[in-house]
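The structure is given below, and queries will be raised subsequently.
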């Protein structure tokens, strides 16, 4: 059986820094996999390599048996993989709804010719897309904030909007870079509930997560990364029980 | 209300003409790199007009000058020309620089407004419009004189050309090239310098390397810097040029010794030059003199129309100009065509003086 | 009232240029200071075609606009490779290169002398010479330009462009082609500038390099800034205000010897004041 | 020996251009936006010194007055304009436009006071010539070379040996880090603007001493210098100076093979192509 997402032997060097070192792992379909490790372990670099923002020096990425090597970020989204960014990268001067709209993969009216020469067709398509966008916003619980500019949303709302925006792309595999960082209380609970709901709907999630409590609660599998290398993988309980890993994680460098 | 204004209008028209001010327009570059010359042109016109007004005006009418700044751009020129003609009803507009003049020329024809150029010498201006009057000869005539003098009188057989890369410079290059070769000489090389750039060294070095007898220079400003740089490369050639060399700063420059040039004759009486300098703090140079002369030509036509009891319109001004034909301003200006013929002198700069070599009367 | 109609004709031509500049600079966020170069190519090409071929006016303008589409894509390409502040300098370079070509390619552009005698537009046997007639052409041109701009901005294309201005990386992560959208915007901006050039050349019947130099590019940028970036209303208002400004400033009584320089100075001061206190311009959004 | 003369001429001009490039490099590397008004500061220096000279000051004092005025002007521009804009979160485009406006204000202010005529310093010693390496050089040109080299060395010393220079380079390499480590980038920006502006006064006086003063002359020189700054690698003072020399020499030598009207166009053409192939792009952050 081929894995849903198969990462094999990734290496990436930035100047003197070996960001990824022979990094290999798999992600199972329909599961929530958490990527953990100390700062600078290469977690975001892995995301960049999978989503085409970074070309690894060597190594392969396969998704549902198809190679993603050498593909652009745009093509990779079309394969059904979408990501969020640690620093959100929302469009701050656009409304929440327009941010979600930007993620929709229906391209009618996204070229100048269609926009100018088929105005009515474009307007109808736009209306349909707006309905769809509202549905996505409702899904993450932001339907009341649809017309608000992103800069006026709370941090928690912005975090939810990041997820809504990639849901709009229709991707099956979601790569979430620290979706809960900076959140606490109700906002944290809300995001965690959303992640479980997404899993229940059949999405596969690969999540960079620092909060061990969150990892324990949501993860099916945990990948432990150190110095760009996969040091261990297993269930949350197994990883947390390993004192060596805890030492690396909390005690700094080994 | 309507009736009152109608009456007012009738009254205004009935007032004897002597009480009316006559408005004339000018569209000149007063800002930007071209303003160096545009401002001089402006002062020349204003000086002539102030002088006439101080004496009571033209046949009792004061002249009012309306200056507009086109920055030497054609679109602004067209807009401002229309502004002067539409809003101020001016019958004549002064212009300078060939680009703006060429842009306004078709309009002048359609609007029957006299367009008076006193400074630009591009050949295309000669026949651009029946309403475009050039009070200065086009460069071709002047350079023909220069080329004939150089080859026949001075025995110079080879030349190189240094020209300013704008309309005036290119016209000078083309005209000199044609005239000099027609006179039997040979042009060995040519080099442009960007307009406004006073670093002539690389171009001079390149031209000097071809060892010409003369280097013909056509630049509108920066001639003192040119003299310094020619001197510096220890040039073996004679520098020759056109009217642009009659710049007092150049003549006063010891490095300009031996520079030979044609001059569209224009002389100001001593007192006038001093009065000009006292008023504006700058010399009564070539361009102010030319525009003083152009203003005199136009005001002479205005005077004739007023004395004949005709309305001062562009059409009538043109007719008056053709009728008077010969004007005695700062120089004798003859209009056989739309372009004036004036006396041309051959001069050489020696001992900080511009000395006359030869006089060529207008054809 | 030819003065008024001339003013409107020129302002309408500049509205097309304002749309072009606004699209690139305001909406996509490409720091272009070379739009006058593209405008110039449109003007020269139209003039050349009308003077040397028997092509009718609309065809000549369309050809010029089509050529400018290609050209503008080409001159915008460096912005895909180079970040903002470096691109400004590149763009200055493109502008100076264009000025050098306009001034020195005597065979094609007439060099510094320019090209006089560009024929007036002849459509269905009618010659558009007077500003009162020409205004019909520029009004149609401007209306079409504004319509295109409005349609684009309300379509998803407009949202995509705005998103790109804010964050190209995020747009790429959403599966959208940043390159495609930027190239499309550049193409449209080129078409606007090219057709404006065609109208300009035939209206003035004369073209020379001084209309398309660095100052002209900066003037276009100023129009967008004063009118207001990123909105249709701003693009339309800017040219009308800026072309009227010298006439308004002329009402201020200043000694003639320094009047013109003083007016230019006030104009510079206005730019600074707008940037300090109203960067969104009169009717725009914050730059 | 045309080529030798052109080469020497190019080197002399390169020293003048190099001074502008070095001064702009200090500013651009630190503040990172295109300070177009630097061209107007360059113009200001020449005119202030001219006035000082006409008021009877000796040459060295006139130059010094110019340097001080330019330095103060630079600091004032940063403090009163750019810093305010920056505090309001202005984008670089906004700052660029304000800088263009400032340029217009300064250049036209100069034109209103001094007229647009080409003014001369009228110092006869400037034109006296000496034969050096087979070429005749004027005293002004030799001064340009001397000041050019001194300015370069001075800027290198400043950037690498002084505390302020080190702070400047730290701010240039990482403004965010500089903010939190109390390097006080705002003060550094003001200081750098003052120093860069003071420095540009030297070519601002020497070039017009040779070629005459014009109010609108600075922009082409600044743009050529900017090419040197970018092509030489932003932040590298040596790169800027050397590239300025290279550009000036190539522009001069190009006359051997083609007419001079194309040299500016080709300089900028090559630069545009260079920028296409050596990008500082999207994903290098």
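Residue numbering begins at 1 within each chain, and the chains themselves are lettered A, B, C and D in the order written.
Here is the rule we go by: a contact is a pair of C-beta atoms (placed from the backbone, for glycine too) under 8 Å apart; a residue touches a chain by one contact, two chains touch by 3 or more.
What you are looking at is a predicted structure, and each value in this text was computed from that prediction instead of being measured.
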- Task: Tell me which chains count as touching both chain C and chain D.
- Result: B
- Mind naming the chain pair that shares the most C-beta pairs in contact? C-D
- Message: Taking each chain's centre as the mean of its C-alpha atoms, which one lies nearest the mean of all protein C-alpha atoms here?
- Response: C
- Query: Farthest chain from chain C, comparing Cα centres?
  - Reply: A
- Task: Go ahead and note the Å separation of the Cα centroids belonging to chain B and chain D.
- Result: 37
- Let me have the rounded angstrom distance from the C-alpha centre of chain A over to the C-alpha centre of chain D, please. 48
- Message: Nearest whole angstrom, what separates the Cα centre of chain A from the Cα centre of chain B?
- Response: 73
- Distance between chain centroids, defined by C-alpha means - chain A, chain C (Å): 42
- Could you say which residues in chain A touch two or more other chains, in rising order? 53
- Taking each residue of chain D in turn, which ones touch at least two of the other chains? 108, 111, 115-116, 220, 261, 264, 283
- Task: Going through chain C residue by residue, note those that touch at least 2 other chains and give them in order.
- Result: 103-104, 169, 257, 261, 264
- Message: On the basis of the stated criterion, which chains touch which? Give every pair.
- Response: A-C, B-C, B-D, C-D
- Message: Considering only the defined contacts, which chain A positions touch chain C in the complex?
- Response: 51, 53, 72-74, 76-78, 82-83, 85, 89-94, 98, 101-105, 107-112, 114-116, 119, 122-123, 125-126, 129, 165-166, 168-169
- Task: In the complex, go through chain D and note every residue touching chain C.
- Result: 32-34, 81, 84-85, 88, 90-98, 100-105, 108-109, 111-112, 115-116, 219-220, 223, 226-227, 230, 261-262, 264-265, 268-269, 271-272, 275-276, 279-283
- Query: How about chain C: which of its residues touch chain D in the complex?
  - Reply: 25, 29, 31, 77-78, 80-90, 92-94, 96-97, 99-101, 103-104, 168-169, 214, 218, 221-222, 225, 257-258, 261-262, 264-265, 267-272, 275-276, 279, 287
- Residue set of chain B touching chain C in the complex reads 30-32, 35, 39, 42-43, 46, 67-69, 71-76, 78-79, 82-83, 85-87, 98-99, 102-103, 105-106, 110-111, 122, 124, 128, 165-167, 169-171, 192, 195, 280
- Message: Give the list of chain B residues in touch with chain D in this complex.
- Response: 31-33, 35-36, 39, 165, 190-194, 196-199, 201-203, 205-206, 209, 221-222, 224-225, 228, 231-234, 249, 255, 282
